[in-house]
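Labels for the chains are A, B, C and D, by order of writing; each one numbers its residues from 1.
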Amino acid sequence: MTLLSVEGLTRRFGGLVAVNDVSFTVSEGEILSVIGPNGAGKSTLFKLIGSFLPPSAGRVLFEGAVVSGLKPNQVARKGIVRTFQETTVFKEMTALQNVVVAHQLGVTASPLGTFFSSAAARADERRFRDSAAEILDYLGLGHVKDVEARNLPHGYLRALGIAIALAARPRLLLLDEPFAGMNPEETDRAVAMVEGIRKRGVTVLLVEHDMRAVMRISDRIVVISFGSKIAEGSPEAVRADPAVVEAYLGKDDETIGH
Amino acid sequence: MVNASRRSVLKGAGALALATTLSTPSIVRAQEKALRIGQLGVMSGPEASWGLVNKYSALATAEMWNDKGGYEIGGTKYKIEIVSVDDRNDPKLTVSGAERLTGSENIRYFIGPNTDTTATSVRPIAEKNNAIYFPYAFARSLYTKPAENAILGMIASYQVAPIMYQQLKEQRGVKTIGFVARNDSDGLLQRDEGVKVAQTLGLEIVSSSDTYEPTITDFFPVMSNLVSLAPDLIVLSSAAPAHAPQMMRVARELGFQGLFACEAAQDIKIINEVAGEYGDGLISIGGASTPEIRSPYMEEFIARYTKVAGEWNDEAGTKAYALEILLATLAAAGPEAIDDIAPFKAAIDGFSMKNPFLKEESQLTYVGTGDFGQKRQIGVPMVITETKGGAFTTFAISSVAS
Amino acid sequence: MAASLDAIAGRAPERMGGVSRVLLTLLPLAAVLYGLIPVLFAGQPYWLNVMTNGAVLSFASLGVWLTFAIGRVNIAQGAFALLGGYVTALLSTLYGVSFWLCLPASALVAALVGAAIGWPLLRLRGIYFAMVTLSLTEAMRLAFLNAPGLGGGGILNIPRPAGLDTPLAFYLFAATLLLAGYLLVWRLATSRIGWVFRSMRQNEELALSIGIDVARYRVVAFAICSAMGGVAGGCFASLQQNIYPASYTVSDSINFMLYCFLGGLDFVLGPIVGTFGLVIAFELLRSIQEYQALLYGILMIVVMLFLPNGVISLFPLLVRRFGRGAS
Amino acid sequence: MEQILVNGTILAANYALIALGITLIFSIMNVLNFAHGQMFMLGGLIVYYVCVVLHLPYALALIAAVVIVGLIGMLFEDVFFQRVMRISNREENTMLLAVGTSLLLENAALSLFGEKQRAIPPIVSGVYRIGNAFLPASRALVLVLSLVLIAAVLVFVNYTKTGRAMRALAQDRTATLLMGVDAKRISTLGFGLGAALAGVAGGLLISISGVNAGIGTAISTKAFIMIMIGGAGVISGSLLGAVVLGFAEAIGYALIPGSVTYLLIFVALIVFLLFRPQGIMGKPAA
């Protein structure tokens, strides 16, 4: 069943076309990766799907309804939640507080009820604390839940970013370069984490640079180059695609799978 | 409370401790009686000069009397002590400052404040605490019944304008007139009043829409318009002593040949510094400071003011009167007026003294019946001056109708 | 001890019951406002007036603190105080509306204008927002100065509020207002709404990504802030019985911001401590006359040099140093 | 019409010196220098003191203003700002410090130089005519001096080693630190240069109009307007901001009732920022 479909998505900056007529779909329960060389337009595409940028043309549909043009928070309410690269967390909160506050979409109390600490608001908070503790434990952050985020070791921050996103109960999780800058050991853990997320019933769309990890976990891969889609298919099919090889050619630091 | 906390205060914040230590009022020797007079006004920030001139003037007068052993009221000599409060031209601080003077310090008479905004804020406090105050602000409601505790310390612009413009029309053949006003409440009001006067006198108003921000640094753009219309007279409504000379210089540099007029007091030193060779031809109001008409007492006041403030300021020529007439009225009303303003108010109507600042024999009284329906203004002689060769010269002498 | 300090600092521990937390937070402030200050100054209208100023200014600063909480440096509070002052002045002098109705009207108008202006402006961040709000203060002053029908802009003879004839009565009213404002902001800051504000301050995009309607929360915070400024302006207009375009200028707006900084941005009590600290310090420094303003500036720098996170940040420091030794 | 052009040019040149200084400080330190107007005022009053009280030549007075105000800027940076930036939780806290220093300077100036408006006798006299416009020689001199100074500063930041280091520090602090630049020294120098520019602007202005101790806040507000128009932290933007404000003022005063000019400038500024929050030349926010 199709969860997300991207139809002819285009984004221009001045005369430059960053994303050019890209279309693909994501099915419920799969892990789909978008890959491409540096500057291929991955980040722009990512922002377009998360509604952090308006498209110049084309549209994004989620469960059959158009979501492009909505504000990011509205898209999140529909069930599309993104993560950020690197260390985007609420730095002056503890890990637990980070994840508790991220449950905002689950609030059942009215604004006034929240203000006056009504029974519903207190129940919300209890629920969020339990849920946040569970998410942190699940992602292996249970032992640092009371550490302020700015004091957390670098390696934990990306996991915390994912924990924040999970707290918003996404149907589709957009992961922005979840493996960037990791050594093989860290990558292994991260790969396991992403697979774990899928097991929780969350569909995953990830944009990535690191081919190795992508080949291991993706059900399908979309390759873009210079803003356009040049290939789509299973990891094996993509790896064999001459156009993909061409796009990555001459880049010494890139290896296509293994 | 002060004693108990002194230690911790010293430990905590040195500056505050210093203040606490210094806050013990300077104690006048026990055998002498002290008469404490307040002064409330803006003494820091952009308008600092307005209140500081009041303060220095009051201090100068007080010192002059104290050197003579004090001021005699009902057979007793009183040393005069000036209690100054800075309101930073902030109505919130004026209100608490007035409470401080009339409440905590128990002072019944004070000089200031300096603007409509602050003076009208003081009114409820002064009336509640039964105090008389001498504002340098023109708002009519301060001096018109039911208000009766404020006494205007100078001549209002709307009193100067009719006489000044008429004299200029008759003596200098002024036919066309242009206005440029400070863009604040005082400036716009004074301009509107000036325009009315000019219309009554049948002068042709070439322009009255030019204004400038009080924070301006360059008058070139402001004056260009008006000068191109070449009126016989440019009125600088509510121009501060800091600004009038700049406007004159710019207008002259732009080729202006006519005269300037300003209903507020100016300062010749600033005019000479700022306008230099272009400083001639300004008609303004000048108190008793032109050399031809000064009495020796005025010379003494100027010398004392210079000692207190570091340098003379011509604005003080109009501000010399407040404390002098206040003391003389107290003497006339008797010692009980020191703590009760009722006898003071009763003495106002019939009060008269020789004007100590003028060479010529003339009387100093309270006036204002014409404008306010009661005598709530010091009858400062209206000395209209003209700048000529780097000095104020007397252009015309008049007075406010009683 | 530590618990009550936490409460004082607006960070009541969450494990406590709701009612006792409210009490613990409010009681110390209420004790000072209703107990200490009236007992010390009951017979001294001057000090009562200073305390009234402190209370009403604190109320407005609490609003500014709220905009700090969402990560915006707000230098527009003077504009809203001016607006609120004019609303009260016009309603009471033209239509004879009672002070007790003027005040909510001031709040409402200021909130509506705040929301209307804030909606687009709050997209700006950092010094751009700071500077644009500073411009707003100037624009508001100039607008009233040039408003047709106001003739130079001043409104005089605003009636004094019925029932608040004595300085003590007005002070007690101001104290109650402040206490209510404190309760409001403290509840906002400690409830989930406060956490949402904090998340927006720390990272607006991340807050958006988890479904927080950042734009709406920003406008709500700014509107509440503006309403508080409007109420303060209405109070001062009645206290001084007049309002002029120059009653609130850029320096007032800057002062509101300074009070928050000085007290400490991390504490709801910060703006109150900062306001009273500076207002009282200025009055105490009066006796040194011409150096008053100079020392006032030095004092500010000294606080910043040694307590850059505000005066209240001293308490956690002390607790850490001495509390540990004791327990 | 020609007069508007002349007026705008003179205003723009003087404003440019102010804007350049505050931009340098902002770009290097990320501090909004609320005391900039006070530094301007101080520069003017120093020139007054040296010229009128000490009877020394104007050129010497101008140099004194540059040196003294520059040193004050460096002192503030070294003693106050570096410490507060190091130990404070939030960046905004430096704003309080900047306001504190502005109060300090203003009141120190009030105590030292008095409350009066100060000006110095004209350096040169005479008036040029350009078409229908008047250009007094004193203003022409100030205009030329301002342009020379602006050019000198541009040359300094673009072509000298220290100047380049300042620009690098402004663009990317971390990277510049990695390159082994002594950031502390460069920051102090940059703050000093910014302050000195304010001082010299004040020193130039006092020769054509005048300065008083209370003028600071107004100048700072104008400086803020200029960097908002041009884009915070961008040198070319600050110059453009000065030109826009200078001409807006000149045109406004000439064509519309004066009292509305600044109201319109503020409203236009607010509206402009809505559409272009980063100013004309500023980098768009990420």
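Note that in this section a residue touches a chain if its C-beta (ideal position, glycine included) is under 8 Å from a C-beta of that chain, and two chains touch if they have at least 3 such contacts.
These figures come from a predicted structure and were not determined experimentally.
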(message) For chain A and chain C, which third chains touch each of them?
(response) none
(request) Select the chain at the greatest separation from chain C, using centres from the mean of Cα atoms. (result) A
(request) Return the chain label for which the distance between chain Cα mean and whole-protein Cα mean is smallest. (result) C
(request) Please work out the Cα centroid separation of chain A and chain D, and write it as a whole number of Å. (result) 46
(request) Calculate how many whole Å lie between the centre of chain C and the centre of chain D, each centre taken as the average of the chain's C-alpha atoms. (result) 32
(request) List the centre-to-centre spacing of chain A and chain B in whole Å, with centres computed as mean CA coordinates. (result) 71
(request) Provide the C-alpha centroid distance between chain B and chain C, rounded to the nearest whole angstrom. (result) 35
(message) I need the residues of chain B touching at least two other chains; which ones are they?
(response) 43-45, 183, 188
(request) Would you mind listing the residues of chain D that make contact with two or more other chains? (result) 106-107, 110, 217, 221, 259, 262
(message) I need the residues of chain A touching at least two other chains; which ones are they?
(response) none
(message) Show me, using the given definition of touch, all chain pairs that touch one another.
(response) A-C, B-C, B-D, C-D
(request) Quick one: which bits of chain D touch chain B in the complex? Just the residue numbers, please. (result) 3-4, 6-8, 10-11, 14, 52, 106-107, 110, 114-122, 125, 127, 134, 136, 139, 205, 208-210, 212-215, 217-219, 221, 249-250, 252-254, 257-259, 262
(message) Touching residues of chain D toward chain C in the complex: what are they?
(response) 26, 32, 34, 80, 83-84, 87-90, 92-93, 95-97, 99-108, 110-111, 217, 221, 224-225, 227-228, 232, 259-260, 262-263, 266-267, 269-270, 273-274, 277-278, 285
(request) Using the touch definition up top, name the residues of chain A that touch chain C in the complex. (result) 50, 52, 71-73, 76-77, 81-84, 88-93, 97, 100-102, 104-105, 107, 111, 114-117, 121-122, 124-125, 164-165, 167-168
(message) If we count contacts the way the header does, which residues on chain C are in touch with chain B in the complex?
(response) 40, 44-50, 53, 57, 142, 145, 151-154, 156-157, 160, 167, 236, 239-242, 244-247, 251-252, 281-290, 292-293, 295, 298-299, 302
(request) Provide the residue numbers of chain B that touch chain C in the complex, in ascending order. (result) 1, 13, 15-16, 18-20, 22-23, 25, 43-45, 84-86, 88-96, 99-100, 103-104, 115-117, 120-121, 123-124, 129, 139, 141, 183-186, 188-189, 192
